[in-house]
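Letters are used for the chains, namely A, B, C, D, E and F, taken in the order the chains are written, and counting of residues starts over at 1 for each.
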Amino acid sequence: MMPELGKYAVSVMSAYGVTVVLLVGIVAQSLWRAARVRRALEAQEQRTGAHNG
Amino acid sequence: MAALLAIEALAVARGGIAILERVEFSLSAGQALVLRGPNGCGKTTLLRTIAGLQPPLAGRIEAAPDAIAYAAHADGLKATLSVSENLQFWAAVYGQSNRVASALAEMNLEALAQRAAMSLSAGQKRRLGLARLLVTGRPVWVLDEPTISLDAASVALFANALRAHLALGGAALIATHIDIGLAEAVTLDLTPLKARAPQDGGASGGFDEAFA
Amino acid sequence: MIALLLRDLRLAVRAGGGFGLSLAFFLIVTVLVPFGVGPEGGTLARIAPGILWVGALLACLLSLDRIYALDFEDGSLDLLATAPIPMEAVVSVKALAHWLTTGLPLVLAAPVFGVLLHLPGPAYFWLVISLAVGTPALSVLGAFGAALTVGLKRGGLLLSLLVLPLYVPTLIFGAELIARGSAGGATATPLLMLAGITAATVALVPFAAAAAIRVNLR
Amino acid sequence: MSIWEYANPKKFMQTSAWALPWFTGLAAITLVTGLVWGFFFTPEAANFGTTVKIIYIHVPSAMMAINIWVMMLVTSLIWLIRRHHVSALAAKAAAPVGLVMTLIALFTGAIWGQPMWGTWWEWDPRLTSFLILGLFYLGYIALWQAIDNPDTAADLTGVLCLVGSVFALLSRYAVNFWNQGLHQGASLSVDKQENVSDVYWYPLLFCIAGFILLFIVLVLVRTRTEVRSRRLKALEARERLA
Amino acid sequence: MIALLLRDLRLAVRAGGGFGLSLAFFLIVTVLVPFGVGPEGGTLARIAPGILWVGALLACLLSLDRIYALDFEDGSLDLLATAPIPMEAVVSVKALAHWLTTGLPLVLAAPVFGVLLHLPGPAYFWLVISLAVGTPALSVLGAFGAALTVGLKRGGLLLSLLVLPLYVPTLIFGAELIARGSAGGATATPLLMLAGITAATVALVPFAAAAAIRVNLR
Amino acid sequence: MAALLAIEALAVARGGIAILERVEFSLSAGQALVLRGPNGCGKTTLLRTIAGLQPPLAGRIEAAPDAIAYAAHADGLKATLSVSENLQFWAAVYGQSNRVASALAEMNLEALAQRAAMSLSAGQKRRLGLARLLVTGRPVWVLDEPTISLDAASVALFANALRAHLALGGAALIATHIDIGLAEAVTLDLTPLKARAPQDGGASGGFDEAFA
């Protein structure tokens, strides 16, 4: 299934590799921070009794 | 007599949170108002708002343009300039260079005029900071704790300068913890004006749309 | 406003060398580069205009945080903001004072440093011209960056980061002007661009800087 | 009922919570289609060889890097003029995504340059102006992080974005003037003559759409996070005061 | 002492990028030089080692004032001076923390910047070696300079002026090492000299720095 | 009982000028000495000399090595670290990490332990600064105006901590303008110890050969 990349295999694969690493990185960072902030906010709302949002 | 400064339904905020609300007063010529309240109740924030350094959260501040002279905690002195150079600079900014000599005399700084500001004691620095007010030529003085680190004699000196200013048709708004020795001043306690939480009908801190 | 300018200049002198220190830094950069790059005249002459511009730019950069920091710390900036001078004028005057204590000495001293880097003969004229026309823009843009970071603890490195990309066009046209000038090429375009950038920044950037300071004082 | 209603944080949170799954699904589908099509089912190009496959990530990321800055400029202006908090927070949320796009364009370009031009890096105008754009992103993000007060940070970064945009354009011109360069011209023009052939063109369209949708998803997620963290800050400050 | 190191590292991270900002500055210097010098690969490759060293040196220099300044301002330095840790250890730990947040990232990132300047292939190895061996000396010497200027208002430019001459030997041997290494020449002498300078400064300079701090606290 | 701290014929200088001279006292376990005197009389200078931060002009300071814990005007807090991180750092420096929890409790900081120091009020910051003393484990506390910006309740808290420290065989030397609510403390007025000019027999400031 893998296409024949010939002498440029390293270039093409590393380009895709870098891209995947960076994209996965930003997505993971976004989700991780989203979860953390949501948890912190919920704890704070619990404590102060403020709700909504 | 028209008020020199009129505050209506003012709410002030610090760090995006309302601190004081429903502040109302007006000052006419010859009046002095002393603000009191515990540490952190918002006196400095209120004075900075009135001086125009930060926008009010709600309400109105009415004063003639260029009527207010503000004196903060920090004196804005340049350590390497002499006493008279410091004062001359501010006098030039306010276009009142002819008043420098009398201001020095009034604050008992004549003997120190050639000393660099860094070699002054804390009280002398404060006196120089107050002398700056005398060269602004502005009617409304807004003062944040003007008498800290002053000894009794210097407090009396300041009270006299203040009385003279009021007698000439000026007004003053003063935040302080210490007695400034001005019997005729009216006192306003800020404690009851503490901002309520928005859900209790208080002013919003500017990011409350999310708090439904 | 003249009072403010005089005060700033006097403070720069009393603080022990507004003039001296930036010159000294410029000198050190031009001295270090031959150590790093090696002493051959040919290479040095080739890179001299660029290095002199980069050195001027770094010397300028390092003195930027003095523009408002002291006035902010001792409360003068609050008092100036309530004084009957518009903040735009304060910013412009402070940028001017910065240029007089940093840019102008560099312009005057640059030919001397050119000798250290074996700058070729005809380039001296264009070196002085390009620095004279370009450095005011550096001071004004620096005043803008300093306004953004006033009041931040240790804003120094952040300030560099914010300001340096803004310096790129000035640097490119400045170095290009010298290169073309000394090669006898057409200098009209880079000179016009350099002058245009300087004029536009001097005219417009103070408004942005004044707005930034007002926000920071809030 | 105006569009500004969505600038209300509460309304924004509701709407985005509803829209997010749809956009996520759509983004996944287009991105996977485009990349798989491009990577597995396109022929070699005469002049590029198999490296032409890099175009499917290089061009979309390069376009997004620029477009995200434009979007930040617009949202910053909305904040500065109309004072809608969500707008400022969206700009804050977009910046790291833009930085990542810039990095992808730079890295893939550098990796592409090695076989094509025989060098990893060339001071070509387009490449150089991307480097400068990356610096602007860095400075913008660093300024957000350096300031504690959120409104002050929003104002100052907004001003920086404004001034930075002007200077980014100026740098672009300056850099063109300074060096002629090797990089491709814009072959995505409407002019059919210059356009790449359809074999490459259709999967590329999918990839571009996929990157746009991915960006929308990320910005929504991150803006929601910023709104929450802003609210958290406000609640903490209020508790401190009480 | 480990507590102090951990605290300094934590503060650097919390302050928003002890690592990031010095790297960013290094990046900016390496970007500016081509703008000034021109884009041709040959010239750039020729001057790359020197420029990279000068850039590392300046990035290091700009972060020096953070070594003690904050601790001095908030009184921690007084308290550390009366704590049961010798001042020499405090200085060494702070220099180490500075190297970890400034020098080490530069060492690791230098090859990337080398690409931007068309550094020739074999030079990468020597670039990393020379920076790894040389930058600790920069941090320790910087800690000494910062100790001399601690407590002076706006010591920044003065600090640069004091420290830069001290950096010259390190710079010369560092750049020479790369030049010889990439040309396939004998690398023993510059490498030994560089290592010797670093070893000697790390062993001896903290005593001078500690003495300077004690005098400044008086 | 041997004295923990003994001062003999001490003269201290600031900026090359003698400020205080003939300072004499000694502190044994359980004793507290309060220094008083007008602003600028040299209290801070004296305390810094005793803490070993500057050399005395003349005279002797006798104390066991590592006996003194000094607390200055500034608290040495790191704004970005939390309350407990700040305290843990100093505890680790003094090798007393096990005392952190009790110090937090004693200064009523438990509720604030996770808050960043920058979000504390001035009084809370001061309480944290005083909690630092409790993790030094040192017998002689040398304190420069410890109670500024504390409210009445916190002053009482501090007085209790001080009494406990004295009861455990510690000693304290305190410069203050405010009453610290410690009845058993002895007061020393520094006004009569002002340095005389060298020609009147005062200590010389170190550059007096020229004045012969």
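The rule is simple: a residue touches a chain if its C-beta (ideal position, glycine included) is under 8 Å from a C-beta of that chain, and two chains touch if they have at least 3 such contacts.
Keep in mind the model is a prediction, meaning the values are calculated, not measured.
The remaining chains, with chain B left out and nothing else moved, touch as one piece.
When chain centres are set by their Cα atoms, the one at the greatest distance from chain C is F. Of all residue numbers seen at the chain C-chain E contact, over half occur in both copies; the interface is built from largely matching residues. For the pair chain A and chain E, the distance between mean C-alpha positions equals 34 Å. We define each chain's centre as the mean of its Cα atoms; on that basis chain C and chain F are separated by 47 Å.
The mean-CA centres of chain C and chain E are about 25 angstrom from one another, to the nearest whole unit. Chain centres here are Cα averages; for chain D and chain F they lie 56 Å apart. Touching two or more other chains at once is no residue of chain F.
Contacts with at least two other chains are made by residues 15-16, 21, 24, 28, 35, 38, 153 of chain E. Touching two or more other chains at once are residues 9-10, 13, 132, 135, 138, 142, 146, 149, 178, 227, 231, 238 of chain D. Residues 132, 135-136, 138-139, 142-143, 146-147, 149, 152, 155-156, 159-160, 162-164, 167-168, 170-171, 173-175, 177-178 of chain D touch chain C in their complex.
Within the complex formed with chain E, the chain F residues making contact are 48, 51-55, 66, 68-78, 80-81, 85, 88-90, 92-95, 132. Of all residues in chain B, only 15-17, 19, 195, 197, 205-212 touch chain D in the complex they form. Within the complex formed with chain E, the residues of chain C that make contact are 15-16, 21-22, 24-25, 28-29, 32-33, 35-38, 43, 46-47, 49-51, 53-54, 57-58, 62-63, 65-66, 69-70, 153-154, 156-158, 160-161, 164-165, 167-168, 171-172, 175, 179.
Chain A makes touch with chain D in their complex at residues 1, 3-9, 11-12, 14-16, 18-19, 22-23, 25-27, 29-31, 33-34, 37-38, 40-41, 44-45, 47-48, 50, 52-53.
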